[in-house]
Amino acid sequence: IGSPDGGGGGGDDGGEMTETDSGGGDDGGEMTETDSGGGAEGPDGLVVIGYPESGIQLFRDYYSASDGNEEILVSDGLRDPAMPGQVGNDMANVTGTAPAAGGPSQEAFNELFQEEYDASPGVFTAQSYDSVAIQLLANAAAGENDGTAIRDQMRNVANPGGMEVTPDNLIAGIEAAANGEDVNYQGASSVTNFNEAGDPASAAYNIWEFNADDGSVENVEKQSFEGANPEGAGPSADSIPGGTDREMSVGILLPETGGLASVGGPMIQAAQLPAMQVNDANPAGLSVNAQLEDTQTSPSAGTAAAESLVSAGVPSVCGSASSGVNVPVSQQVFIPNEIVGCSPSSTALSVTNLDDNDYIFRTAPSDLLQGRVMAQVMANRLGADTVSVLHVNNDYGQQLAGRFVETFEGEVYHQVAFNKGASSYSSVISTALSPPDS
Amino acid sequence: MSDAAGAEDESAAPPTAPDAAGSDGLNLGSGGPGIGEEYPLQVEGLRKDFGGITAVDDASFRVERGTLTGLIGPNGAGKSTAFNLITGMLEPDAGTVTFDGEDITGLKPHAIANRGLVRTFQIARELQDMTVLENMMLAPKGQRGESLWRSVVPGVRGDVIDQESDLLDRVWEVLEFFDIDHLAEEYAGNLSGGQRKLLELARALLTDPDMLLLDEPFAGVNPSLEKRLLEHIHELREQGYTFLLVEHDMDLIMENCERVIVLHQGRVLTEGTPAEIQADEEVIEAYLGGNV
Amino acid sequence: MGIAETYTRGRQVAVARPGSVLLGLVVAVLLFDLGVGLATGDNSFSGVGSLMWDGLMRGLVIGLAGIGLSMTYSILNFANFAHGDYITAGAFSGWATSYLIAGFGRADVGALLLVGASGSVFGGTLGIGVTGTPLAVVAGAVVAGLSTVALTLFVDRTVFKPIRDESGITLLITSVGVAFALRYIIQFVFSSSVRGTTDQPPSVSLYFVDGFVRINAHDIALAVVAGGLMLGVHLLLQLTKLGKAMRAMADNEDLAQITGIPTEQVVRAVWVIGGGLTGVAGYMFVLWKGTLGFNDGWLLLLLIFAAVILGGIGSIYGAIVGGLAIGLTASMSVIWIPSAFSRAAAFFVMIVILLVKPEGIFSGRSTA
Amino acid sequence: MSTDDAADGGHAAVSQETVPDRESEALLEVRGLDAGYGDLQILTDVDLDVGDEEYVTIVGPNGAGKSTVMKSVFGLTNLMDGTVTFDDEDITGLRPEEIIREGIGYVPQNNNIFRSLTVRENLEMGAYILDTFPDEALEAVYDRFPILEERESQKAGTMSGGQQQMLAMGRALMLEPALLLLDEPSAGLAPDLVDEMFDRIDAINADGTAVLMVEQNAKEALRRCDRGYVLANGRNRYMDDGDALLNDEQVRQDFLGG
Amino acid sequence: MSVHNDIADRIPGGDAGLIVAVLLVTYAAYVLAGVGLGFTLRGQLNTIATLTFFIGVFAMLSLALNLHWGYTGLFNIGIVGFMAVGIYVMGLVSKPLYEAGGAAQVGGLGLPIVVGMIAGTVAAALLGLVVALPALRLRADYLAIVTIAMSEIVRFSFLSGEFQQFRLFGRRVGFGGGGGLILDYTDPLEVFLSFVGLWDAYLGFVDAFKLFIPNNPKPIIDGLVYGVVLLTFVAAYYWLLKRTGESPFGRVLKAIREDEDVANSLGKNTNRFKIKAFMLGCGLMGLAGVLWFMRSGAVTPNTFRPRITFFVWIALIIGGAGSNTGSILGGAVFAALLYQGPRTLKNLIEAVLPNATAPSGFGPAVAPLIAKLDPAPLLLYTLDSIRQLQLVFMGLVLIWLMHNRPEGMLGHRKETAAGIPLTAQRAREGQAATDGGGGGDDE
């Protein structure tokens, strides 16, 4: 996806929409302009980029200020099935996008997860699983708990060439890697091929809606993109040393508490799965020591947690979840300590641009694409010509909103940033619903 | 030296006699106050209203240099308020205050104090969590170490230290004189009511003032001590210091003051020598209640 | 506390204090700007009306919670930083009750008691609201008040009483400790997640010049409860000796003791009244905004401080008026400045007031 | 009665032995009092009596512990040892509000008014513990101190020092106590008022209220009182009739400024 | 009448000895914990570096706070705001010029790091001035509320889109808004060491370390060296503040704390003193902010929540307000015990206990306790929640301290505000020199 040097504009030709079905206009129409907080005309649609913690309050304030006539499009961060229950509204006018678990072995992962935890996997769980699985494969291939060695094996085990490994045969894959064989991990989230920047080389997005009746999220459509170099690209080691009978270390640095706690929980569960699999089977005498630390969705707590992973000597880490944490943690801890960081859900553009000596990977696609998907869904599927954009005031929100505004063809009335954790968003909502400034 | 204070020996040197060398004018009593106007303090048409109450009402008076002048008047006559106006704690509604020939009306309290017009409070206000010594060391003016950089920058600090040692010697002398030297390391907050008054007076003297405004300094002070304090005040007066003293003890006023100003309902009722005041019908009527 | 007295004093201040005049000027300019906006259509009347209504509601919460803070501030002579977490504690206890009553038999009791921790039950699903489950709401508010009283008394007995004679700052620092402990115990028990607590309340749209202002049932409930309680406190303090005893204590506690005022009893009365109001305020705040999180009270606290200082510490009316002023500022500031600054605007107003008139609008008995 | 103060020095011209036993009639009895602030002991073995309707003065140098005695009676210090009995009832360690109900009024040396309350409110506070407001008592106070009636609605803190002293006294009188503790009531008063204050105290005493007073205006106070104590260094030094103390050469020299 | 003899009793070096002892014990405890956790040498050194880092920053901050509160009685609870201004301004000044395509959305002025540090310090001091000019007239608790409100206003300002990006001297600069500011300048450590011409030597030293730490020893050594740099700064702070306090200047500050009117009536321009002290303290807080976050790669506004302010307060109170040595001790104890301790403890317990998974919430945790008196899940949950409970614990410590030791560990050692010791002994000497008279008995 989008070459990193493309800066802002590279996205348009970076991907190709392979499947388009933006006809679903059945709930899009009727733009009756009413009293939503103002006399003059407000926008047709709202784009909301944020997280559930503040999303609950935001949507409550929205529904008490408006009849719900606006078409609302939300991003992956708000894909929480509990939302309608928490908001006290069925949220029928809300549509969302999210990176899809579009990988070849998605089903296999789903079953695995269901079996272990008796719950269906949530957003970014597949990416979390993939992240840890690839790290373990790379660790096995490297034959030592060393960040640089693992870094050099990441593409070897993820990109094409060699034995195909899926969650089903992960054990076999690890054994093969430990024996110095080339493997090709085919992920649950995508084919997980890394490009030069360490980003996924292809991506898929779900378009989803809330189903208030049974408290779930329904995917109504999936769109897949392939980057310029779908097979992946970038440097990797020439040889695979491998090695058996050792303990592999991996860190998991995800939010158990804080703003992303609700998303973080299932992600952690998913991330622990590969380790469990290996420890159950002990392929080639390998075991895994998975160290869990909580970022508390906060940069400072995240950095501190990462430091303690460094002390514990992990060579690679699955994390961290949000870009606001991932960027400082990568810069301050991962890169200088030569530890591989592979985030399952940090999608901000800035991660691509980090001066990372190739230590930073991710299994979630860059927002370069999601912004474009959102713009298309808003214009075509929801049929809104005028929108206001509300985004959480951090890296993720800023950049995704920026991408949306860049590619959206209609008129953007307001672009409003809101802060996490405020006790009221009524003034934000009121600004967003107001007519454009003259 | 402290014993000298107790004795009726006029010739005894003041307890804080100027050090010959290195005094830098900080020494209490160093050369005495400069010779200037005959009346260092002049108050013209001073007025202060509090809501409906006019506490000081067109009061005019002046205090002669080198005298101990009494300011008397019934409770609520406006004496403390006048002090507050003179020392800048309150801003007058009208009138001027002149000190040493300069108009000081409306200046900030510290500026007025720095010109040598220093007051004590009617209700003693000690610095509770500082020791008596620290309280005293605070007072002298012109301390070099009060500038931040002098205290901090190496090299310059030596000066500061030297000055501190000189000050400390002087402080001890004054403490002994007031007979509170045994309390030197006590926190001021632990002093009794009378001890606090002593500390307050001692501290004010250390600022090397030209003129002192004393608001009932003896209320609550043991008579023996009161006597000694008065002697000391007289000594200082003879060196040229000027005192304005608020006091209700008429015997004290009559025996010690050269002049007396009588304030009544914010106005100057009369002014004169104690004898004149004592004979003044109006004063007797307004203040002395006939039992002179 | 006389209104007339306040009025004349206010007039004198205007003459004596050029700062206030300047402040008035700024306000006038802002109002003029608003007027121009309305005239040219940049601002709609109904839009401004909605913001104003929102601000009023917020102000009522702040004011109601502020009374307790103001009372303890003036009488116990310290700024209680745990007050915000009393609000949170009240809200959680009240909402646990509401959940339990509304959801009894429909969901796991544990989940209900933990107010649906980690998304196990939703208030919306249970249909909680003044119209939907009036009993649950009333019971919740009452329990919120009572349990906060219990909590404040407990904390006072164990934490504040032993150091009653210490300086206000010592108590303030101690209250920060209480705040930390309380907040994170709440988080420990109830989890850190924010939950929605109510069903969407029925609402009416009132026509206002050029559009509609929406008012919902929970707004009304808040207004009624807050107004009623404020009136109640007013009467209580006017008609009993308690009010005067409180002021005497605020002034000079040692002397109050010597005079025979049972100071500990008065302190307890203060916590009972203040704690009760605070708990109910917490409950109503959550009813009104519809979400509940362990940080709610703390986030509100600075605004409450702003309100109390604005109104004048120790003055009940000051707390109410200050609350409304801060609420309105926080909500209506978006008319002039970016919404990101609305909280900052409220603080700013407080700072300005402190500088112009440190003793607060109502010149409460400051206890310096 | 128990201490032998003669122990400290040979100048015990007046000793307690000369005083008739008044144990039976004592209204207030302080026995063997050790008290102080925190760990700091100020008073050592202090004994003190105030008989019914008696007028007793304590004098002594600054810091002698005079105010501390008063505070100790009122339960405001750290009582380490000893007993305080009032009206044959042990009141040691009671809370101030309980002591005031027993019928003791107290005017402290400093901070003795509610500065932010009005004059009238201050007086009302004086009668706080009563269920019905004592209008006559208020009248009586106003009669004694007309300035208080004039300034009824002024904030007490803005009154002059002397006015505040009157107010404090007035407040303590609101309950018409059986025993009045006065800590330097004449400090800061104008001479006419000093006399008047002493006259008032005489009158109050004559009306049947026992008075225990600390005074620096020692001569006047001793002249007027029935009995006087001299306190020094937190211990009893002398005790005798007021006039006797006044005429004692040693006492005059050491404590009354000659 | 007992006299506090603490000052007289003071043994020179006694406090320093105490600090060293506390540090040694702390480090020993951490090393032991590391052994328990099975850390390699690398892990051990990293732990020590991290610990030193936090000890350093908290000691610096509580020293600065001590100047405000311990000496001048200024109740500043806006510390974090000054820290934020310090590091943000430093970033603005020292970040390289904007280049399209980099991770950073905005650039800086590209000036040397040292200039940035000075600028950050000065900016924090100037913010102090802005707050001080009007606010110092206020009572202590009002000042508290003004400063905390100010720190929130600072945070909102850095969060806001308005200052996300702007032009300054023709450069595209900004504070990055909610996305934060990426600090993409050369590592300050490298700059320092290059400046003193030790960079190459340092690299050689690091290489030599490969003997002990085979893989990439540099970040670990960096951390250790930076820790030493911080401790040097702590020493400098201490020196500066000790001199400030033990001088007539400090004496006036103390007097202001006690009763400003008195100081005023003795001719001290208290406002000037207050403003100077406040600005100095704020500048030092700004510098501490710079040193804390300078090497962190990026800063976001939400890091600067009031919580950090309270951490510093707790540190100061543990050590004892009014005492500079106490401040350092408090910073160290806070960092080691309350700030870093719980995490280590948790890891230690987890390393000892078998791999039990904790329940996900309080409900599942207590249910077994109620149902079958099984406390294990609750204990596991408690352990798992140690980071929330850490704050509960801090709160309780604060309460305990205020009840039992309000003067802190060393606060009773009131440091005399004078350039020379003020003791009775000193007096006797002085007196002997003057007149040799005896004690002044009256008459």
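We just call them A, B, C, D and E in the order they show up, numbering each chain from 1.
By our rule, a residue touches a chain if its C-beta (ideal position, glycine included) is under 8 Å from a C-beta of that chain, and two chains touch if they have at least 3 such contacts.
Quantities reported herein were computed from a predicted structural model and do not represent experimental measurements.
Student: Counting C-beta pairs in contact, which chain pair has more, C-D or A-C?
Tutor: Most C-beta pairs in contact, of the two: A-C.
Student: Measuring between Cα centroids, which chain is at the maximum distance from chain A?
Tutor: Following the centroid criterion, the farthest chain would be D.
Student: I'd like the Å distance between the centres of chain C and chain E, where a centre is the mean of that chain's Cα atoms.
Tutor: Going by mean C-alpha positions, chain C sits 33 Å from chain E.
Student: Can you check how far apart chain B and chain C are, centre to centre, with Cα atoms defining each centre and the answer in Å?
Tutor: 50
Student: Using mean CA coordinates as chain centres, what's the gap between chain A and chain E in Å?
Tutor: It comes to 36 Å between the two C-alpha centres.
Student: Distance-wise, how many Å sit between the C-alpha centres of chain D and chain E, to the nearest whole number?
Tutor: 52
Student: Show the residues in chain C shared as contacts by 2 or more other chains, in ascending order.
Tutor: 118, 191-192, 340, 343, 366
Student: Give me the residue numbers in chain B that touch at least two other chains, ranges are fine.
Tutor: Counting only residues that touch two or more other chains, chain B contributes 190, 224-225.
Student: Where does chain E touch two or more other chains at once, residue-wise?
Tutor: As it turns out, chain E has residues touching two or more other chains at 1, 156, 159-161, 360, 388, 443.
Student: Of all residues in chain C, which touch chain D in the complex?
Tutor: These residues of chain C touch chain D: 241, 244-245, 247-248, 250-252, 254-263, 365-366.
Student: Which part of chain A faces chain E closely enough to touch in the complex?
Tutor: Those in contact with chain E are residues 5, 7, 146-148, 257, 265, 294, 296, 298-301, 303-305, 307-308, 310-313, 324, 327-328, 330-332, 336-338, 350-351, 353-355, 392-395, 397-399, 417, 419-420.
Student: Please name which positions on chain A make contact with chain C in the complex.
Tutor: It is residues 34-35, 37-40, 52-54, 56-57, 60-61, 63-65, 82, 84-89, 257-258, 261-262, 265, 393, 416-419, 421-424, 426-428, 430-431, 434, 437-438 of chain A that touch chain C.
Student: Help me check something: in the complex, which residues belonging to chain D touch chain C?
Tutor: 74, 76, 95-97, 100-101, 106, 108, 111-117, 121, 124-126, 128-129, 171, 175
Student: So in the complex, the part of chain D that touches chain B is made up of which residues?
Tutor: Residues 37, 40, 61-64, 67, 109-110, 147, 154, 158-163, 165-166, 184, 187-196, 216, 218, 254-258 of chain D touch chain B in their complex.
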